[in-house]
Structure formats: structure tokens, C-alpha cells
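After this come two complexes, each holding chain A, first together with chain B and then together with chain C.
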Partner chain A sequence: MSAMWYYVFTLVFFLFDYFILAMGLNIQYGETGILNFAYIGFVAVGAYVTGATSLPNAAGTGQQYILGWGLPFPLNLLLGGLAACLLAVFVALIALRRLRTDYLAVVLISVSLVLYDVINNYVPLFNGADGLYNVPEPFASVLKLTTNSFVPFFAALTGVVALLMWWVMSRITKSPLGRTLRAIRDDDGVAATLGKGVFRYQLTSMLIGSFYAGVGGGLIIQFGGSFNPTAWLPAETFVVFAVILVGGVGNNVGLLVGALLVETLLIHLPAFLPDIPGHPGLIEYIDTIVVGVLLMVMLWFRPQGVVPERVRRSPFSLATRSSKTLDDRAIIVPTNDGESTPVIQQETANG
Partner chain B sequence: MAETTNGGATSPESVFALRCQELKKSFQGVMAVTGATFDVPQGMITALIGPNGAGKTTVVNILSGMMKSDSGHMQIGSTDVTNWESFKIARLGLMRTFQLSRELGGLTVLENLLVAPQHQSGESLLNIFFRPVLVKREERENTERALEILNTYGLYDLRDTRARELSGGQKKLLEIARGVMASPKILLLDEPMAGVNPALIDRIGGYILDLKAQGMTILMVEHNLNVVEKICDHVIVLAEGRTLATGRLSELRANQDVVQAYLGEVINASPTR
Partner chain C sequence: MTLFWLSVGFGFVTASVLAISAVGLSLQFGITNYINFAYGDFMALGAYFTYILNAEYLHLNIWVAVLGGSLMMGILAVLLNQFLLSPFARRFSKTFYVMIVTFGLSLIILNTIYSFWGPNVRTYVMPLEHVVHIGPFLLTRDQIIVMFVAVALMIGIHLMLKTSRLGKSMRAMSDNTTLAMTSGIDTRRITTITWFLSGTMAGIAGSVLGITEGNLTPAAGELFLFVIFAAVIVGGVGSIYGAMAGALLIGLATEISAAFINPAWKLDVAFVILIFALLFRPSGLFARPGKG
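Then we have the complex of A and B:
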């Protein structure tokens, strides 16, 4: 397989993976209004745990890490997702219960920084700054995959996982649960006066989103075979935010578009462009600037994203109406036209 | 304090739906509520009146659990709910609207209503995936009911409009409709008719009387005494954070304290009965 195809499938992998990551952040931020500025930390925990549960016992590997259970895919991936959920429970208990959105965001940035420092410096956990490497490639030995054929295979596998997770997510966002989350996003005080236990729902949303983050991270370490702190600088969170803001907050299709525009075209594609002569590495810097500018332009001119959240129209309508409008029953001053005049028209007529 | 004796509609023995005793609340030195003590009789429409800044909205905030009182007690039926969280108070059957409308702006008008029913099976992750039939059936029933309520409140044609796009008056209607959708026992309305045109005021009055006919207990903050006169059975006057008097409006008109504190200009302006 030519090098070009290798690159193409790498891009395809990141497209699907960031679609998953975007769905996870979207349910937290886009649907529930939780500004999770520590999101990349959840991705990292998922990646490390996925790696550490599939690696064999650390003794003799030249690396230091916990777990080392030698579990097969997708069991390790599942544990990666669950580990991110565990972190979510912890964060929710210390931060979510008492804090308002803006304070919560600040606390979450701190969580992200602390997590980064601990994992980066406490070597026995996940091999410190070197990170984990030599993580077994799933199915590689069973299917006799070479390094080259593994890439398209795993990109496709990630596509299948993304499709499955998209199906699950759209079931959730379409359900009454999704509606209640959006009510909390719009006004948590009102949601509470409607009898919604806001914390419980925020926790649910954190858990779902974190599971997506963890699985997305797990797929990254399975794809590349390694993961270290350079892969999840706390600022990476904003790339995922860029994906959902550009694509369209609250719209699952928009998230795929966002992943394509931001992650594939802007972040990864330029890395494969030839260097500008005399300025090695310049493209990567320009890249970051372009993402920043794009984000500003989007927020300024099209804050709803490329594919905006759609209006969820009701599938039902009333079979019989007009007979029961209150115009007929109004006790104080019945309006003389007995038909169902919408209030909007009356108001403009009188005002 | 001059308590007007209860007469007619509200005898002392009448059942109360809501009771508060010596509620107090201050904000960094500002005494907003200094002693609110009153009963809201069951199955009636009670008006909460008083000058601007008297503490009416603050009392409603305390009753709905959105604010904690500094001291005092409150009771829904026989349950002491002092300083309960608002979602727990809501689950006992108390709903409220807001003086400044707080619609769920990103949701459609219909969705604003569909959020309201309590304990929906589709709000549980497990049910969504393992009991989809139950979820769907319940959703259908709720939607039918919501559409009927929207039809009643003249909002049916706006059902698929985002709530933030409604006019001020439509938002007021939506809030009442949302409260009704939750099938509350007690409905607190904070100035439901403020900022709406006269025709709509009459319509809202009609809706409120309808709710009473269905057995709901209503406490409404209202400045328009014509409305109070027409639809309210019982009146509570709040001035400077404390209950000044309670009774029927006609009795309160004879009460010097009340006239001085609040009713004076209104009585002078309108023909006496």
C-alpha cells in the first residue's frame, strides 16, 4: 500500500475518532450546558487504561504501569470508557454539585492541569512522560495484519464503532432524557422547579459523555500503539470544542462535519503537507492559528455552526381542534369570534 | 398589625394547601421579607398583593424552594417543607411561573410542555434502550395532552416554534401552560398578567378560573385590582416584607392600614361599590 493511502486512512481514523469525541463533549456541553474544560483529561484516562489493560504485566516490558492485564479488544476499550466514567463521578462529586457553570469551568480547567501533572510526573502510574508504547494491535495476529494493512482495517473498525455510538447517542438525544438535559442547559433553575433533580441528570450526562471520551481515547492508543503526555496537552480540549462549535452544537450530523473540517482538514492534513522551505515546523504553528481564527469567525458570523441544532418538530397533531379553544369558555370577556384565533394575531390587532 | 378577620369564603377552619409562618429573608442587609405569615386556602384563588418591593416575588421564590428562608416555616398540606430543594417541592405538586418569563428558550413550545410531567419513563437511560415501547406510549400520551393544553391556551399553531422566539405575552401563556402540564395541586403565578394586552388579561383570567374549577389551588401575585376583584376569593396583603392583612378584597378596602399602604390611590381612583 502506498504511503498516500496510509495517510488517507490515518485521516479517516481521526475523522471517526473525533466524531466520537465530539459526540461525548456535545452531550455534556451542547445538550446539558456543562462547560467541561477538562475533556481531554477524560480522553487520556480512557487511552491509558485501554492501553494498560491490554499490555501484559509491566515486569520485563521496560515500562512502568498499573494494571497490565493483557485483556483483548474490545474488553480493554470498554474498561477505558468506564475508567473515564469513574473520573466523571469523582469530578461531579467535588465540582458539579455546588458550582455554577462559570465557576465549574474554572474548576475543570484546574482538574485538567492537575491530572496532567500527576500522570506526567508520577511514573508508576502510566510510565510518566514517556507514556505507554508497544500496545498490542487488536486482531493483528488473528487476521495476520501487517503494519500497513492494520491502518485501513482499524480505520474501518473505528467507523463501525462510531456508527454504533452515533446510533446510541441519537436514541438518547431524541428521548425524553435528552429533552430534560436540554431543559437544564437552557435554565437549570426552571428545570428544578419542574421537579427535575438537576444534579442527577448532570451526572448522567457527564457519565455518558465521559464514556465517549474514554472510548475515543482508547481507540487512539489502539491505533497508534502508544500514548504520552504530548498527545493530550490541556489545550487539546479546545480542539474538540472547535469541532462541535464549528460543526454545530446540539446536532449529531453537524459534529461529523465539524470533525471533518477542524480535525481532518485543519489539524491533521497540514501535517502531511511538505514543509515550507527554510521554515520547518512552520505549518503546524500556522495550523493552530488557523483553528483559532476559524473559531472566532464562526462564533462571530455563524454561532449556530455549519449544521445548526434542528427544531424538533412534533410527530403528532390534534385530530380535532377549534371546538375546545378557550375563546368559547372564557368567563370574563368571551371574544365574539368563536373560532380559534391564535393569540399572536389578536395581540397585533389590538396593539 | 391589623388582621382582618376571616369572613365568608375563608373561615379559620378551612383547609389550607400552603401555610407559611414568620418567613424571613434578607439580602446583604436588605430585609426583603420580614415576617410573612399566611395560609393559602385549598381549592381557591388567592391574590398576593402589595407595593413594589414588598417582597412578593421573594416569598414566591421561598415557597417554590428557589431561595432558602433565613427563618420561619412552610408547609404543603401536612408536610413541613421548610428549606426543601425546589425539585422536591415540585414533586409534592407545587409549580410556579416567573414574573420575568423564564421559558426554556432552545426548546420548542411543545417541548416546553413535554418536559413538565414528572417521573417520565423515558428520562431513564435503561428504559430508553430496554423498554422503548413503554417510553413511546407514554410520550404519545403526554404529547396528546400537551397539544390539547396548547390548543386551549391558543399556542397550538406555535407548537414547533422555539420558545425564545415568542412575544412577551405568549411567553406568559407558555409558562402557565407548562405549569398546568405538570398537573400541580398548587400553582404559584407571579404577575401572570403583567405586560399583556387587555384582551389577553381577560383570557388569562378565564384560564385561571378554569384551573380552579378543576380543583387546583392558586396563589397569584397581582397588581391589577380589577382582576383581583373579579377572580380572587381571598387576598393577602404584603407590605415591607410582612403580612399586613388577609381577607376578601371588600373587607380590605375598609381597612385603614391597607388603604394607607397600598390601596389608597386605587380606591380614590375607582368608583366605590
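Then we have the complex of A and C:
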């Protein structure tokens, strides 16, 4: 197999993986309105726990890590997802219950930074700054896969996992649970008035999203065989946000488009370009600047994303809506030349 | 006990840097009502502007360079608000959009710094340090200047807020923008001035951080941003005096703890304080109605 196919399947893997990550962030932000700026932290916890549960006992490996159970493929991934959920419970109990909007965003970004700091500095946990490596490749020994045939195999496997998780997610968004989550996103006060326990639903959404984050992270560590702190700098959260905003918030198909445009074409494809002589890393810096600029241009000219959220009409609704997309409501017409006055919501009775 | 007093001295230095940056961030948050996630990169960029004036061209004295560099950052902050942030804030009612824009701006500034100066550690050109004994403290001359700068800035901000027309307008806008506007306050002008002050203070804080740490790296501001957030939240979001108190508390706590535990955990001490503040007093020490 030529080197080009190796690259192509690497891109395919990241497309599917970021589709999973985007679905997880989308249910938190797109469906429920939780600004999870610590998202990449959940991805990392999933990756580390998947890695540490599939690696054999740490003694004699030259690495330091906890767990080391040597578990096979689907089990370690599930544990990775559940570990991310555990972090979500912790974060939700301290921050989500008390804080709203920007305040919550600040605390979450702090959580992400501190998580980074702890894992980077506390070596016995996940091998510190060196990170985990030599993580076993799933099915490689059973199917006798070589390094070359493993990449297309795992890309396909990730595709299957992504398809499965997409099916589950579309069931969730169509269900009464999904409707309630969108109601909370649009106005949590109204949802509370209708007898919905806002915090419980937000926690549910956090848990589902974190599970997706954990599984997505687990797939990353199994694909590359290694994972260290440079892979999840807090700014990576921005990339996942870019995926869902470019693709279309609240639309699962849009997320796949976003993953293709942002993650595959903008982030990973330029990584294969040769370095400019004398300027190592310059392409990567310029690439990141392009992603930032693209997102701003996109937000300004097409805030609903490439594939906008469909307006879901109740069959019993008598009202006719002229607006085609929900996001028309997100744009307000300035009534004067001053700044609009965004309101930071106070704690609601249920929160 | 000597070690304790030494770390108290360093605590005051850290608190000074923290106070300048936290007040700069709080001023802007109070007026525009959204968090500027690019603030850490404003600090870094200001520090590199100072570096240009001090080490690359002109070769100015470090403190003259700090003044010039931070004024450049202040002007850049005004331009960024005028052409990027303010249009987004006016167009979208949800603060999320403008917050994501500041997040993107943070990436853009950070990678611009990387493109120009690379990831290598830089140092300012400064005269040799004289160590001075003041009571139980042991400080360098530059650290003492940093503390004086911080105290002078805090007094200046206090006087401006309480006595000048500008300060009163700022406080009015921070309480209720619409009411301030209907009372005849030119809110756009106040917003512009606030961004200038916020950018300048970010520039001073970033440069001063580079001086006290002895080096500057592109990501220094971003790492420091969390400590600023901790100080601002502990003090009470949007409250200038809260930011000052929070800065003092977090600055002293992190440095004193470093004398007893591994200094690598400084950041986590700030985080633990933040968690306790959130659990027991989520709106901060100096909570203001409508800002929490």
C-alpha cells in the first residue's frame, strides 16, 4: 500500500473521530446550550483511561500509569467513555448547578487548564509530559494486521462506531428528551415553569456528551498508539467548536460536513505539506490562524452553519412560522447605536 | 520563618502583576458584559511589543519600553473592538458568539506571535539586578518598581472611578448600559476608552510578568489567564475592588504555598481556592447585583 493511501485513511479516521466528538459537543452546546469550554479535557480523560486500561501492568513497561488491566477493544473504549462521564458529574455538581453562561465558561476553561496541569505534572497518573505510548492496536494480533493494513482497518472500525453513535444520537435528539433539552437551550426559565428539572436534564446532556468525548478520545489513542499533553492543549476545544459552528449547530448531518471541512481539510491536510525551509512549524501557525479567521467569517456571514438546524414543527401547532431556520432568532436588529445588553441569567429556581 | 517571609515578598510581587491584569480584565467585562478569552494573548502581545522596543529596535530602557509597548497594545485593543468585537456584540444577542470570537482571536494572536518570534524563550535587556533587603523581604529593584507601578495604577483607577466624569460614566454603564445611554452618556466612547485602558493594562501586566519571571514565551499570557480568572471570580466578577482583593489573595496564596509544597502545583492551589469560593460564595467576595 502506497504512502498516499496511508495518509488518506488517516484523514478518514480523523473525519469519523471528529464527527463523534462534534456530536458530543453538539448535544451539550447545540441542543442544551451548555458552553463546555473544557470539552477537550473530557476527550483527554477518555483517551488516557482507554490507553491505561488496555496497556498491561505498568511494571516493566518503562512508563508509569494507573490501572494497566490489559483489556480488549470494546471494553477499554467503554471505560474511557465512562471515565469522561465521571469527570462530567464532578464538574456538573460544582459548576453547572451554580453558574450560568459566561461564568460557567470561565470555570470550565479553568477546569481544562488545571486538568492539563495535573496530568502534565503528576507523572504516576498517566506518565506526565511523556504521555502513554505503545498502546496495543486493537485486533492487530488476532487479524495479523501490519502497520500498513492497521490504518485502513481502524479507520473503517471508527466509521462503524461513528455510524452506531450517530444512530443513537439521532434517536436521542428526536425523543422527548431531545425536545426538553432544546427547550432548556431556548429558555431554561420556561422549561422550569413547565415542570422540567432543568439541572437533571443538563446533567443528562453533559453525561451523554462526555461519553461521546471519551469514546472519541479513546479512538484517538488506539489509532496512534500514543497520547501526550501536546495533543490536547486547551485551545483544541476551539477546533471542536469550529467543527460544529461551521457545519451547523443542532444538525447531525451538518456535524459531518463540519468535521470534513475543518478537521480533515483545514487541520490535518496541511500537516502533510512540506515545511517552509528555515521556518519550522510556520505552516501549522498559519493554518491555525486561517481556522480562526474562517470561523469569524463564517459566524458573521452564515451563523447557522453550512447545514442549518431544521425547524421542528409540532403536528398540533397552529402557528405558521415564516423563518426557515431557528438561528434567525439569534440575530437581533440593533435598536439604537449602543451595544446590545446581553443579560447574564441569575440562578433559576430549579438550577 | 525566613523562607516564609521571602515567599510573602514574592507573593506581593505576583499579586501586583495579578492585580494589574485582573483589573484590566474586570474593567472591560463590567462595561461590555462578555469575557475576553484573548486577554492572556493581549498580555503576551504587549510583552512582545515591549520586547521590540527594548531588545530588537530602538533599544530603549526597559521601563520606557514597557510604557510604549503597552500603549501600542491599548491602541490595538481599541482597533480590535472597533472592527471585530463590537460589530459581533451588536449583531448577536447571545454573548456566546462574541465569546467564541475572542476565543478565535486568542488563537490568531498566539499563532501570530509564534510566526514572528518562534517558540523560543526571549529575555529583556535589563541592567544587572541589585538585591535589596527591606525588613524581612529580599527583593530585586525591578520587583520593587513592579509593586510601585501596581499600587500607583490601583490608586489611579480608584480615583478615576470615584471622582472623574469618565469614571462615573463607566460605573453607570457597568450597572445598566441602557439606563446610562438614556441618561445621555456616550456609551460608544466609554466602550472605546475602556478597551484602551484594558489593552494598556494587559500590555503592562504582560511586560511586567516577563520582567518578574525573567523571560517571555508566546504562551505565558495564556497560562497566566487562568490565575487571573481565579482572582476575578474569587473577588466577584465585574467588581474592580473585588479583582484587587482576589489578586492579593491568590497571589499570596500561590507564592506562600510554593514555599511548602512543590512549586509545580502553584496553579492548583489557585484552583482549590477557586473551587472553595464557588462552593461557599459563588458570587465572589465583592458580589455585585446582576453580574453573577
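Just so it is clear, the second predicted complex is superposed on the first by the 308 of 351 C-alpha atoms of A that agree within 3 Å, B and C clash if a C-alpha of one lies under 4 Å from a C-alpha of the other, contacts with A are read in each partner's own complex, and residues count from 1 in each chain.
Assume a contact is a pair of C-beta atoms (placed from the backbone, for glycine too) under 8 Å apart; a residue touches a chain by one contact, two chains touch by 3 or more.
Fair warning: this is a prediction, and the values are worked out from it, not measured in the lab.
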item: Chain B versus chain C as contact partner of A:Y103, first or second or both or neither; value: second
item: First, second, both or neither for A:R312, with chain B first and chain C second; value: first
item: Which superposed partner A:L113 touches (first chain B, second chain C, both, neither); value: second
item: Touched partner set for A:L282, first chain B, second chain C, both or neither; value: second
item: Touched partner set for A:R179, first chain B, second chain C, both or neither; value: first
item: Chain B versus chain C as contact partner of A:W5, first or second or both or neither; value: neither
item: Doubly contacted chain A residues - partners chain C and chain B; value: 330-332, 340-342, 344, 346
item: Interfacial residue positions of chain A with respect to chain B in the complex; value: 168, 171-172, 175-177, 179-180, 182-183, 185-187, 189-198, 201, 204, 208, 250, 309, 311-318, 321, 324-327, 329-333, 335, 340-344, 346-347, 350-351
item: Chain C-touching residues of chain A, taken from the complex the two chains share; value: 35, 37, 94-95, 98-99, 101-103, 105-107, 109-110, 113-114, 117-118, 121, 234-235, 238, 241-242, 245, 281-282, 285-286, 288-289, 291-293, 295-296, 299-300, 303, 330-332, 334, 336-342, 344, 346
item: Residues of chain B touching chain A in the complex; value: 64-66, 85-87, 90-91, 95-96, 98, 102, 104-108, 110-111, 114-116, 118, 120-125, 128-129, 135, 139-140, 143-144, 147-148, 151-162, 167, 169-170, 173, 178, 182, 197-200, 202-203, 205-207, 209-210, 230-231
item: Contacting residues of chain C [partner chain A, same complex]; value: 32-35, 37, 84, 86-97, 99-101, 103-108, 110-112, 114-115, 118-119, 177-178, 181, 187-188, 191, 222-223, 226, 229-230, 232-233, 237, 264-265, 267-268, 271, 274-275, 278-279, 282, 290-292
